[in-house]
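Read the structure below first, then the notes.
So that you can tell them apart, the chains are marked A, B, C and D in the order they are listed, and the count of residues begins at 1 in each.
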Amino acid sequence: MCGIVGVCSEEGDAAGLAYAGVASLQHRGQESWGVAIAEGASIANWSAVGLAHRPVDGLVGRPAQLAIGHTRYSTTGAPGAENAQPLVARQGEHTVAIAHNGNVTNALELRQELAAGGYVFRSTSDSEIILALLATAEGAVVEALPELVARLEGAYSVVALVDGALLAFRDPKGFRPLVLGSADGRTVAGSETCALDVLRCADQREIEPGELVVAGPGAEPRSLRIGPPARRRSCVFEPIYIARRDSLIGGERVEALRERLGERLGHEAPAEADVVVPVPASGLPAARGYARTSELPLVDALVRNDYVGRTFIEPDPVLRSLSLRIKFNVVDGVEGLAVAVVDDSIVRGSTMRQVVELLRSAGAREVHVRIACPPLVSSCPYGVDIADTSELLASGRTLDGVRSEIGATTLAYLSLDGLHAALGAADGHGLCQACLTSRYPTPVPQRLDKLHLAVASGDA
Amino acid sequence: MCGIVGVCSEEGDAAGLAYAGVASLQHRGQESWGVAIAEGASIANWSAVGLAHRPVDGLVGRPAQLAIGHTRYSTTGAPGAENAQPLVARQGEHTVAIAHNGNVTNALELRQELAAGGYVFRSTSDSEIILALLATAEGAVVEALPELVARLEGAYSVVALVDGALLAFRDPKGFRPLVLGSADGRTVAGSETCALDVLRCADQREIEPGELVVAGPGAEPRSLRIGPPARRRSCVFEPIYIARRDSLIGGERVEALRERLGERLGHEAPAEADVVVPVPASGLPAARGYARTSELPLVDALVRNDYVGRTFIEPDPVLRSLSLRIKFNVVDGVEGLAVAVVDDSIVRGSTMRQVVELLRSAGAREVHVRIACPPLVSSCPYGVDIADTSELLASGRTLDGVRSEIGATTLAYLSLDGLHAALGAADGHGLCQACLTSRYPTPVPQRLDKLHLAVASGDA
Amino acid sequence: MCGIVGVCSEEGDAAGLAYAGVASLQHRGQESWGVAIAEGASIANWSAVGLAHRPVDGLVGRPAQLAIGHTRYSTTGAPGAENAQPLVARQGEHTVAIAHNGNVTNALELRQELAAGGYVFRSTSDSEIILALLATAEGAVVEALPELVARLEGAYSVVALVDGALLAFRDPKGFRPLVLGSADGRTVAGSETCALDVLRCADQREIEPGELVVAGPGAEPRSLRIGPPARRRSCVFEPIYIARRDSLIGGERVEALRERLGERLGHEAPAEADVVVPVPASGLPAARGYARTSELPLVDALVRNDYVGRTFIEPDPVLRSLSLRIKFNVVDGVEGLAVAVVDDSIVRGSTMRQVVELLRSAGAREVHVRIACPPLVSSCPYGVDIADTSELLASGRTLDGVRSEIGATTLAYLSLDGLHAALGAADGHGLCQACLTSRYPTPVPQRLDKLHLAVASGDA
Amino acid sequence: MCGIVGVCSEEGDAAGLAYAGVASLQHRGQESWGVAIAEGASIANWSAVGLAHRPVDGLVGRPAQLAIGHTRYSTTGAPGAENAQPLVARQGEHTVAIAHNGNVTNALELRQELAAGGYVFRSTSDSEIILALLATAEGAVVEALPELVARLEGAYSVVALVDGALLAFRDPKGFRPLVLGSADGRTVAGSETCALDVLRCADQREIEPGELVVAGPGAEPRSLRIGPPARRRSCVFEPIYIARRDSLIGGERVEALRERLGERLGHEAPAEADVVVPVPASGLPAARGYARTSELPLVDALVRNDYVGRTFIEPDPVLRSLSLRIKFNVVDGVEGLAVAVVDDSIVRGSTMRQVVELLRSAGAREVHVRIACPPLVSSCPYGVDIADTSELLASGRTLDGVRSEIGATTLAYLSLDGLHAALGAADGHGLCQACLTSRYPTPVPQRLDKLHLAVASGDA
């Protein structure tokens, strides 16, 4: 759950544009961010911890025709500028900068192979493997790329600066998203179309699984193949939760997709309810769809405190008991009623448990929880770091067990078939849905954290 | 546009509760915050710059039966902890702490009088006048209060700690809001009911204009009068814009009031439009009402980047031209259409100008701007520091002049009569609407900034 | 142990000069600093926590003819900008700013009297009493001052801005230092002559106990009396420890005074030693004098790590055991020898204990500790906040008890008579030496901390 | 001018000891610092910008038998944690951490060779070359080291963690210092003996040029050769200026060496002076020696403000004109006199120019400047980053030209012969004195900054 963006602009404003792209992908990572630009044969880079509220000195306005950017979601305990991307190789066979979204699942083996072959890893990141492959490529990277990435398993959507060009490529299964746009002599690649919109790209399309796009100043971007045709495995959690609601997935607005999930849920799991209440803001589109199908009134009864973010600290029993109310409040319209409360998903369950309690304390007679996706039961080895399997509320629990945990009157999830129908993916064709089915489309290491154990780092 | 909260709790958890109250009133001021607690005959206080993301060390958990809190909206150029409230008088006739929302309009005269009478002002704040009056009161403050506040003109909703009690009082015209609640042996006063909800107060009512509530441990709160009956002048901008949508004003949910403003606007100023689009998030309720009346589809076509706040910096021409897109994006549903875009108000007009441009660039054929309140034409001397009169877009401009400035196809504001009807205030009875009519319900200094010129401070 | 400076400069560069004065008095207080300037009838002020490494924005270069500055030594647990001086009264009978060095010993009574008379204290600081007296003075402060300060007991060297003039005055006993200089149409008052040197003042003299100097643009400074002749009681710890070695006290260089203390100590308490070793940097002058008298070689055998300041943290047993060595090291010249180690004073004794151990571990056969002042046995109520009486190593211990605590072979302090002789003060005439004799020259509150208990504050 | 330290301790307290070592080498670099420890087959590391006032969380107390540390002197404009050492290679042929003092002069060629051989450089630092050589070594690093370092030209004193051992080695010419000590089952290597003293090492000796020391838990440290006998070229600026005065060089205390430089200067360049004044603190030992030879009184007439460091900012003409006085003051003893002012060296000359002016303004009749080393005329390619050749005051100026620039009555430097005699180095044997003679003992790149130009980085 990182965001990446790459810009090629003949006008020389790529540094500023990449920074703007980073700002538009902030929802994919708030931990740290960075930008790298090509300057002749060398690369300059900047990074910072936290939100991209203000550019680092010297970045925006520095002339550049090629730039890439990254927003990082902290996946381990150690935040800090050290782990920020883009990663840079300043002198090898090639000068390279990369920004990576995804997770290489055969990282442990590849690190050993590459190390055996002479590459020296400076970090513990799987992304450095991709940096290593590009930096050590013999001859033109673009030509070598198909062979190089053939060694990678898992998920990798990548933008890179190398050999005077911007590269944007995506693994053959297309786990993580990557889109392409252009406008006014600029070529932009990014995790989502919302980044293309910000940079005013009119022409927008998906970069295909296994596709490589090469863009350089003064030439039309070229499209090449870096992998054989493979069964597409695009992350199902992107339309469900990750993507910004104004982005397009498969040519369709994410908001519309989510409404359809709600509609389908309304057909599958109607509730004996008087009103439909969304969990703001994530559950709103699905609740809209659910209400439409159910022909029940949609009541925007839960209010979020916009100023309470992830950093709100509850160090004290008094505050802990109040924290739910600080985060959410209930407006009218639920007293004495049976409420169907709709959210996009349940991860650990702590929010939903609080929401149910809040609705009951506001006088709701019954609280029917409706979730617009199937139960999340397995952790993701492809770069979505929500939680370990053991932390997922639905993992190892029956439906009634989950219902009981969150205190709901009834609980229903969207079925897998319903999900497929809503997304237009018959039998889940083209989707990676391992988090819902525990069936991984690629071999995964028995212990996902093995790599980290092997090369643990105390970077501070 | 500050927030205040006062807590009396026999259980001794008033410090933590006041902090939670501050967090729930964050929308009324993000510049700085503070909390003061009574400890025997003395007062301890804490303050910090910025959001109340985390309590200051030692505050929450410190036993206290009486506490007050404040969130401050920066009204001048000089932020900083020095200007944070509560203000404390540690040794005078009385030990006092106050948190004040409003603006004393005869501050200059009162400062001179009080100074002549021996009080020494340490700050330039008009709030120190109220502190001075309470701290120098002869005998019990509660008994002296009617006489003391008789000297004050303008707006003052105040919570105070003095003489072992929590005081909450409001000027006789009731310019700024103040509400009261209780639960489990706690008494809570605050700017809005959302703060009472956070502190789980079931019993909620308005503190009347001219009313003083006195609460102390081990006794029922008492209600007293501090001023003669006067014509109520409650701020019309509270329901229009300031209050959180889950708060109650006049017993009615703010969200419902705003929807009604939109409905009325729909009747008054229908648009030849295909769809209604809200400006998120402030314009949503009014747009909902407008769409209902107009029988037009509501399309949530504008998307806000939640991570871009007031601090986003645009130091560079490249970024400046992109900043609108970084803040807002358009989803589908406007291409080729005539759009009625609805917001709660227009202040300086810069956002609306950008929104119109954005909708046009997304293909909107026509953009009809509909504003759910009358034009803002005069600045506010009673504590709402939106802008100087000269900065208000509608000040000194015809309707067509404003329309032209924002680039709209047509523009309509809600009429004053419509506003009154929607708020159930015949002829504006009970409202201060000086910002809309330029008719001030009290004498105001010719130059509002005179006080500041007279006692300018360079606090850093 | 605060530093104060006041500047009157017709050229309008008083703000910058006051800041430079603050930097030169940094040794008197590293906790916080501040500067206030007169601007017409009002006062602007700035303050910051920590060292004055860089001026606050907007301070230096702001035109001002009158300015005062302060450096603060943290005397209580609560640092922070809130306690920084200068203190400002913005509107009372007079607009006033003061910077105070000393301690008012009848603060509790005066606060009560002043509060009874209508003054409202905002802080718990005794300095606010002086602010209150000046701000509430009837008529010209200069004329009222003798009567005002007659109410103050204890120590006060003060610079103030009031009525368009710079005031500098000193209590009639002259507890704390205050000097005056002039150059090029500037008048400067400050705690020590080193501040006058920095501001290039050629004419330098002491401000007499009970003297008031009034300086304003365009006029010669005037000297007035604010108190009747009294027995002078200048702090003996200024020449012993506090003052910078390049300052003058009584017309004599502090360095020379300290050398003389060492010489006298050499006569009184010769040691059977081979070499004399100073404790750097404070003990160097006394050691020089001691070596001269003893006709022993001075060996600069102890080396300080210049980068280890008060902030060095020792969170761990490993580091704690190493911390001495991190702070000091020994060079050659002590192995197998009897060493006389000389310092200016012993407060808590922790440094001397470590120094003795270090010298022994470096092979010193004997370590004879020689202290160039009598034992410190009582805490100071006049503004020198070294330690409470109970924390002073010599308090309640015999000479041999102290010797044993620090592990020395022999221990000798300079006698009181010797001190007097070296300072040219027969029988201690003109000195406050309460810390050495426990005889206080003024009545002091039974419990010095009573005031703080009574008006405790939790400022954060 | 960096500091390095390595610790092998069976007791497992190497992390804390390395941190203490870093604190003792702070005078060699205040820009950033770092520590790395061996944990099984992997390495954990920490770093921070600024002084080592407090250890980073989790560092001290973490059990480790092997650790290295580094203090960094900023040599380019870009400070920041990114450039902090130790550098770590986490996975290659070997897991390696290094801390390096010196400068590899054939860096450009070696980077190209290593890059051609498959190593990918992530930084622009020459130190990464050494990391690369060790990380890619075939077989045991210790055995491969002689061959590896044979490729390096220039200066390298290095401590490293590799293959479960601490390595400490020094280039065959011994440009930069490195010493070895042991105590209580600990082995410590460091830049100077002051670090060994802090860690209480009794046995202390120089690590020879071309020597490698290998230490591991449970075994005596081994000494090996990594290079053939070469003509020693130890940096002459270490005894002159860099080393802490309590360190030993060639078995002799640095303080004593510096006194001898001053004595010799006294013989060579006596002054018609009344007194000798040191420039504190660097010039004190030389002044002591000069005074002894000259039989002139040593007057400690210049006083430094201890609180004004490198960070003091002079943004304003008023302050700039005062800055000298803020940094230095004069005590008595120079009025009407001819003064010989002594310092260890002149780099850019700005301090000496101010000192001369200050002494004159204090009444010195004549100011004879005496410098205890020959003129600095060439920049250093071996890791001492004082200034570029063009910035050195003596570069391209005659003796009289320099004298005139600093405003001295007369000026004399110590002769090269005198320097040699004082250091006991006949004809400069064993010394690198390129900065004094412009004769470099190794080939150096025509343009020293060529490397940096070639691989410029914008790390922020």
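Everything below uses one rule, namely that contacts are C-beta pairs under 8 Å (C-beta built on N, C-alpha and C of every residue); 3 or more make two chains touch, one makes a residue touch a chain.
A quick note: this is a predicted structure, and the numbers were derived from the prediction, not measured.
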Margin query: Going by the touch criterion stated earlier, list every chain that contacts chain B and also contacts chain D.
Written below: A, C
Note to self: From the mean C-alpha coordinate of chain A to that of chain C, what's the distance rounded to whole Å?
What the structure shows: 60
Checklist line | Separation of chain A from chain B, taking each centre as the mean of its C-alpha atoms, in whole Å | finding: 37
Check: Roughly how many whole angstrom separate the Cα centroids of chain B and chain C?
Finding: 48
Notebook entry, point to check: Line, ring, star, complete or other: which one describes how these chains touch?
Noted result: ring
Next item on the list: Give every touching pair of chains, nothing left out.
Entry: A-B, A-D, B-C, C-D
Margin query: Using the touch definition from the top, list the residues of chain B that touch chain C in their complex.
Written below: 37, 39, 42-48, 56-59, 62, 81-82, 87-93, 111-112, 115-124, 131-132, 135-136, 454-460
Next item on the list: In the complex, go through chain C and note every residue touching chain D.
Entry: 13, 16-17, 19-20, 23-24, 26-27, 30, 51, 53-55, 60-61, 194, 197-200, 244-246, 253, 255-256, 281, 300, 303, 305-309, 311-313, 315-316, 318-319, 322, 325-326, 329-332
